[in-house]
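Look for subunit A in each of the two complexes below; its partner is subunit B in the first and subunit C in the second.
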Partner chain A sequence: MTRTSLETVLAILREEFDELLSAWLETQKAEGVRRPDLFSDRESRRQLGELLRGLGDGIDAADDQRTLNLEAEPWAGLRAALEEVTHERVERGVSPSEMATFVLALKQPVFARLRQKLEAAPDKLIEEITEFSRLLDAVAMHTNEHFIAERDQIIERQRTEMMELSTPVVQLWDRVLTIPLIGTLDSVRAQEVMENLLNSIVEESAEVVIVDITGVRVVDTQVAQHLLRTAAAVRLMGAEAIISGISPKIAQTMVELGVDVGEVTTRPTIRAALSDAFRKVGFSIERRGDADRG
Partner chain B sequence: MAEAASVYLVERVLLVAIRDNITDTEIMNLQEELSDRIVAEGARGVVIDIAALEIVDTFVGRVLAQLSSMARLLAAETYVVGMRPAVAMTLVELGMDLSGSKTALSLSHALRRLRRDGLA
Partner chain C sequence: MNALRSGVVKTVSLDRERDIASARYAVSKVCDELGARALRKVRFVTAVSEVARNCVDHGGGGWLDIEILRKPTRIGVRCIDEGAGIPNIEEAMRDGFTTAGSMGKGLGGARRLVDIFEISNRPSGGLEVRLVSAL
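The block that comes next holds the complex of A and B.
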């Protein structure tokens, strides 16, 4: 004898497993969340089968239905199956409401079977329907929570990838590095820039680094502060920073804001900065005598 | 004292390597020993290697700055070399840019510059 009030549901889950699975698939199809474009029939059947098995095992093993806690031990199988299904659907860009409908589509076939079985006992019928609804809602909620957690992970991953992409340190010549800054320079990015730059200085034994701000949209006091700090840190490491790409407009703003660059070298173009850097590390660029004069 | 930092004289340049867990007292003693030795050996340059230091607080930062000013008064040029990226970021964060002392990537870089300036 089971200790659950969901004995009829459990019986259906056990005895009519295959029929229920097919019915669930059918309902999903009718609701438009079956997604044959993303998952093959076989894969779907396997996944739904594992969900049903997990659900049955959970109902069977959970002794107190009053305190429904999907984090508890009996539901481990269901959770694992759910998380697998959710994971795959997040990866393939399924929406949260689709995900919830996917789970809730089980209600209809189960209710239909319950009504048949408990025709003679309306009280029991209502009790089991309420109970099962509660359970399935919790499952859908859990799915949604997991769905959001998965999405957050993806966003976080993309953010770090973007960070890495947005702060590339490039070696221009022996002992000369450049870091072209593009977009906005907030505190987080400024920190990232500084870290990357200082580590590259050590790796490449760089003596001059050109911080190019041609692509920086706005230079306000905060951005200027970040740039000057970076230059100061570069100097502490024993290298020299040149800030290049200062447009006339930026120069005007900086003066209006009262930004004092102190001893930091600034150049209007990366070209001017590069020839400066060459001189500092002891190289010079010459035009060959026989070169075409353009 | 000898364990907290090692000091060598090479071609009129004092090479100082600071150990990682130097205490505040030890670094104060080092400051004193260095000023004595700059005069005694007639050193024209001081190179302080802090590559071993993983943490530099305001106190150590200030002592490093003082060391440079003191050496300059005694006619010696000071280079702080081998600073780690994390240390550089912390110092900048603390608003200490050691503007009084020169910096170089490594000992050899500092020696090259001292030679270029005719001090070594």
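The block that comes next holds the complex of A and C.
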């Protein structure tokens, strides 16, 4: 025996399942959120079917509609279905308002059927419409929250991917490595840079490492400290670190900050650093005698 | 579009390390809009980076207001945290003072990079640092 006030809604969900599903799809089409470009009809029907079943089971099992709590046990089926639908739509770039309309499009077909069934009981009709509205709004809200959480996850993932991308150690020549730093050098990235660099020194038997900061816009004391520590670690590995790409602006700023680079070699450009590095590993660059241009 | 406004034009909350980067970005954008010279911009943004890091690392987080001052046009920030404040400000400003194994030059360095540097414990708790620089 269910204690829900949504008994008519529940009856509709159970008895007119297929019709309701089709009507929901139709309303979504009319509202422009049915995305045939992204989802096949069969896939959509399956997803909507699971949502409807979850909704019905929830209404049936929830003791008290008044303390509507979608996190509670009876709504587990609905939540799972919602999360699947949301997940797929976020991945395919559906907007938040489309997502809300997707859920809210169920109101119309349900209300239409309620109106027919409860023609003779206007009070009951209003009660069920109000209750069901409240329920579906909560579902839409839950969907939205989940939607945002999914997006945050994607952003976080992209951030991580970007971070991995942006610390490549490149071999310039035998025993000469460079790591071009771009953007922000926060603690996490500094740690990554250090690890990548030290591993590469071992792998490539490097003797000179050029840390290029042309792409780093601001060198504050923490960035400076990361750079100096990296240089010190490189030295401990038996190689020499050259920090290149220090612009006049950054040089002046570092002086005001009171940053002392100590014995670390610094060069204004990666070009200057490279010719230094060549000298150290015993190579020199010469112009060929038969070159076209003089 | 900030070129004609004055007062606080943007607020950045400072809770995590990556917020410091957002603060730098926001300040450098306002500098660009005001047509600041490149060196001024780098100096000011670096100073902001120092006080923002101080706020996140030692103040337990807070926020930063970016303001435009007029006659003459200058840029300023006010960085406020909700931590315990600093018992001995003069000592903390000295180069080499650190409680966290860092360089200990952040606040002192920031002071040298800007035209006006004010630091005080707020009556309601927490630290307030104000920086102003010409463009």
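Everything below uses one rule, namely that the second predicted complex is superposed on the first by the 200 of 294 C-alpha atoms of A that agree within 3 Å, B and C clash if a C-alpha of one lies under 4 Å from a C-alpha of the other, contacts with A are read in each partner's own complex, and residues count from 1 in each chain.
One rule holds for everything that comes next: contacts are C-beta pairs under 8 Å (C-beta built on N, C-alpha and C of every residue); 3 or more make two chains touch, one makes a residue touch a chain.
From a predicted model like this one, the values you see are computed outputs, not experimental measurements.
Q: A:Glu195 in the overlay: touching subunit B, subunit C, both, or neither? Say first, second, both or neither.
A: First partner only.
Q: Should A:Glu207 be classified as contacting the first partner (subunit B), the second (subunit C), both, or neither?
A: first
Q: By the touch definition at the top of the document, which applies to A:Arg288: first (subunit B), second (subunit C), both, or neither?
A: In the superposition, A:Arg288 touches no partner, neither subunit B nor subunit C.
Q: After the superposition on A, what does A:Gly238 contact: first (subunit B), second (subunit C), both or neither?
A: After superposing on A, A:Gly238 lies in contact with subunit B but is clear of subunit C.
Q: If we overlay the two complexes on their shared chain A, which of subunit B and subunit C does A:Thr221 touch? Say first, second, both or neither.
A: second
Q: Taking the touch rule as given, give the residues of subunit A at its contact with subunit C in the complex, in rising order.
A: Residues of subunit A touching subunit C: 184, 186-188, 217-222, 224-225, 249-250, 252-253, 256-259.
Q: Which residues of subunit A touch subunit B in the complex?
A: 191, 194-195, 198-199, 201-202, 205-207, 229, 232-239
Q: Hey, which residues of subunit C end up touching subunit A in the complex?
A: 17-18, 20-21, 24, 28, 38-39, 42-43, 45-46, 49-50, 53, 95, 102-103, 105-106, 108-109, 112-113
Q: Would you pull the subunit B residues touching subunit A in the complex into a rising list?
A: Residues of subunit B touching subunit A: 79-85, 87-89, 91-92, 97-98, 103-106, 109-110.
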